[in-house]
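One chain, chain A, appears in both complexes that follow, with chain B as partner in the first and chain C in the second.
Right after this comes the complex of A and B.
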């Protein structure tokens, strides 16, 4: 079954629970400068004399036609046939950062050995019937994971997935 | 990586991975929440946490602080073993001792101080967390001291006593049936996810939402039918004006007022002076918007109000503002009615709002001596004294320094952090006057450099817990052994009672025996509660039926809902008004020298007082102590985003980063509290206290900001 991550921007407040849940799941060592795979931000912008706020939580979007997969010269990145998440095996990673250059969302990171690491959608958890750590934590029902069928039925309002797909097609 | 290695890396529970999931609860924040935790354990260590599906309040989810539980547990600053001071106070020089030595020496010294100076010379204080309070209260009384105190001296207590002053008991809103929700300083959509659900519920069934706040927030933006953005400390004036409009527009319930309300005529005369035009000048909200708020409220009764524990009472006029807010529900006939404010019965902590009889209150008060000396703050803050059974800790610094009403000789401080008090850095002067300071905590805090004994205690994951949620009850086991030589705080107090041989068999029986005593009348055992997958329903509902107090009278001096407080009138204090009158809440600092308003302690999602600042995951979301200020104020001072700036008052200065935002109004600067390197409470005069409740005026004092180095 293919899965889709989506963020309802009407509900997200940028609290950071998803980000910390991600750090807990992936043992992110922030004290050594490691960054979480999922980050939150608050954007505050002037718009026609008013101020507007938007809150977003971003990690790997697990793009349908993922640019990082095409960019990697070593074949480290690939799709999981079951979940459709963009996963990786960095054994052969040469640390060239091509994937990071190709990714519009800043998802790939590099560990102390210089090898690429990124959000794998909690692939093994999902295959075991569990939710991704970030989705499980989200206290405001903003971050969700849908199966393809569920997604079609739910038509999530103000979801980020659709917007991103449109942007990718334009590129 | 083979299959098993992958499963272990993904932290999947199973026999092959050796990972088990055990149930506990998070007690990082207050007992009103205490969400359920699924704790993943491998080889005796916690490797991950998540929320328990189906659990009261959190239903599988966790907030940003709760998600940090693993690092909260294993963080670097954990106190490891008992220590005795060897150098001068403040030197931080300590030696490791055994628990045996600690108990023997502390109990001997406490008994000697009691013999020489009297039991009242010993202060028993607790900060965070709050679950241990029944044991601390109990030992203070068994020992004979009235000076049991808590951080509730700055938390929800002022809100609660304002309710008690008017209704006789604390009320909670019947959100399922209310027509309109008045959120005063409520930003539930950001920092209280359990209540965000409630707001959505009100919305979905067509209820109205009015938000009053000093800042634009996700709650004001997404939920408010009417949003009133006001200057700090002016809620009271606004509430009086809405009261005036409700009367003038005929939205009040005259029959209800005639039958159940005391002091309406005097209240009416007071509010008449608060016209929309005048109150617009005070609050900054447009007169038409104030009228609209009154219309939306008046046309959608019954109304309920929500005031977070601290947003309103953290002003020196906060107590009256709370009364003015509650008065709106009184005059519209909204107390003890369906969809209105319902009177509650329990002040319990372990079994808070439990809905069935436990012996917790008996435990708390069972050994209280009939005659107790005056508590700290009792004379200075008569409302606090009349409506609570603890000392007003905001007066502790003065009381110790001035030996008023008596000299103090010892402080037993559980999870105390002086950074919560105004002029925190003056506390060491008071410590010098004490012969004995015992500090327990999970991690080292400022008082630990001054205490004679520093003792390690554990978190909720390392102990057995008993906890009630409405009519549900649960117990948990320790999911890992207590780290190092830490013990649970209640066990520490029980052992101290044994060593002092206090006349208190329940305390001496120990923590788990006490928990069994709490639930001894209920048809469940501690083991059954621990074994169940989720909290169990316990049906003996003791709450009074709806309308009970309307029929039988309210537990107030007049038996009615008191817009005019007979409790306040009885104090005879000329500076205290029985009516909820409004007064300016600034301190007396020079407005020209300090033209900005400092709001200390405005919440951030990843902070919980000082307790999350040293937890790296939580801290990484806002790594630097940062002040939020408006573009206009920043421009006027040549300050740009990310600059290092100094916030200063006549009392002190702190250096922080600047964040520029239009969320607040020009002139207002917001600074979170509890940072060791930038303690905002050092900027506020220790006497900036509400004369009714004794609460500190954290959220409104004059300051200025400049670029660092100028």
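Right after this comes the complex of A and C.
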């Protein structure tokens, strides 16, 4: 079954629980300079005389035709046939950052050895019938994982998935 | 349907795979000359520097693995002498002829070597093919080398220089150009990169056109010489277009060739049923609207994929791309996007000597060129925005998600406003 991540920006309050859960799940060692796969940002903008805040939680979007897969010169990135998550085997990664150059969302990270690491959608958890750590931790149902059918039925308003699709079509 | 794919690199592989997804029972014949699976030319320096093992140069696996997975008929070490485009026939070196319904020319590119006195030589090296990488590595492993000259201040040249430096070899990069990465970097950015590379021990010699290779030296057209136990020629590439570029096409007009084989957004050449993809072809440069060879692994992949689907009857479009590069050398990341000769309004962020520096040139609020030292995350988003501007309007804004990630990676809001043309 293919899965889709989506963020309802109306519900996101930028609490960061998803990012903490991600770091915990992936043993991200921030003290050694490792960056979390999922980051939460706040944007303050003026709008018609008022100040507005937006919150976004961003990690790999697991794009359908993921540009990072074609960009990787070493064949390290590929799709999981079951979940459709963009997963990787970084054994042959040369640390060239071509994947990051292809990614419109700054998703790839690089470990101490210089090799690419990234959000794999908690592929093992999902295959075992569990929710991704970030989705499980979200207290406001902002971050969700849908099956393709569920997504078509729900088609959530103000979801980030649509924006992603639009961006990829322009590339 | 019978399909022929001439050349089996990134584009050829992606095309064959795409055909198989569209046409499960079609006969796919792949003709390749090396006896090896598709290799990535970019990985040659990584193999020569021992960063990866030999098998890793072939990112799609072995020929046996590819055969087993995709059911292609792979004709290894078979030389196609000529493509008769109008009749869609391949003429082989032994004189035999076979006809096909669709033909893809994916013959790639080769290292360019201008006329040089004394070349070829046992101590002159290229860096394009797997064989080139093996030859250099084998030589370096077996032979004491004290001094080297790398001709070409290119992305390949800098990687070759780095691997020589790491072996303790005194290395000079020489180029006819005036500065490093002359087709990608702004001059001040190139000079900063040069300073950083110099501090690691590599020297540069500018305005030097190579004229000859001697026993232990390289001679330049201005009469000067540099001592060199080995010479590495990283001058550039030329598209392999000869198969279709000759005059022996059966009837009608031949395949249109400029520097590369000219294709449209469907990867069709000017002759029906004949497609081209990868480094041998000219797709659209979205910045100029003209066709141009943009020799990038990802571009070849998209082109091959598009060609394959369309050869099997689909209607896929690949709009094209813009010149862009990311180069990693000596712990430095340099990104160049667009045309570094563009003249316009300039915006910069950061200290050029600091960890993150961005310089962009815009015309009427639209990006024309971006140089970045330091952050690939910023590079990916700005490339995406560059393409968005080209596909929509000058007033295109960054979606909030991209703006936030740029800010998270250190770019301030007011600089992002400037990149958007100051319209926000």
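FYI, the second predicted complex is superposed on the first by the 171 of 171 C-alpha atoms of A that agree within 3 Å, B and C clash if a C-alpha of one lies under 4 Å from a C-alpha of the other, contacts with A are read in each partner's own complex, and residues count from 1 in each chain.
Simple rule for what comes next: a residue touches a chain if its C-beta (ideal position, glycine included) is under 8 Å from a C-beta of that chain, and two chains touch if they have at least 3 such contacts.
The structure presented is a predicted model; accordingly, all values stated were derived computationally and were not measured.
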Room on chain A for both chain B and chain C (clash or fit): fit
Contacts of A:25 with chain B and chain C, given as first, second, both or neither: first
First, second, both or neither for A:64, with chain B first and chain C second: neither
Chain B versus chain C as contact partner of A:128, first or second or both or neither: first
Partner chain(s) touched by A:96 [first = chain B, second = chain C, both, neither]: second
Which of chain B and chain C A:51 touches, first, second, both or neither: first
Which of chain B and chain C A:82 touches, first, second, both or neither: neither
Touched partner set for A:43, first chain B, second chain C, both or neither: second
Angle at the Cα centre of chain A, taken between the Cα centres of chain B and chain C once the superposition is applied, in steps of 10 degrees: 150
Which of chain B and chain C A:73 touches, first, second, both or neither: second
Nearest-approach distance, in Å, of chain C Cα atoms to those of chain B in the combined model: 10
Overlapping contact positions on chain A, where the chain C interface meets the chain B interface: none
Residues of chain A that touch chain C when the two form their complex: 39, 41-43, 54, 56, 58, 67, 70-75, 92, 94-98, 100-106, 108, 160, 163-164, 167, 170-171
Contact set on chain B toward chain A in their complex: 6-7, 9-12, 48-51, 58, 60-64, 66-68, 70-71, 189-191, 193, 196, 216, 218, 221-222, 605-606, 616-621, 661-663
Contact footprint of chain A on chain C as seen in their complex: 14, 40, 42-43, 46, 51-52, 56, 59-61, 297-298, 301-302, 305, 324, 326, 328, 333, 335, 376-381, 383-384, 387-388, 391-392, 399-409
In the complex, chain A residues that touch chain B: 10, 13-17, 19-21, 23-25, 28, 30-31, 36, 40, 44, 51, 53, 55, 122-125, 128, 130, 133, 136-140
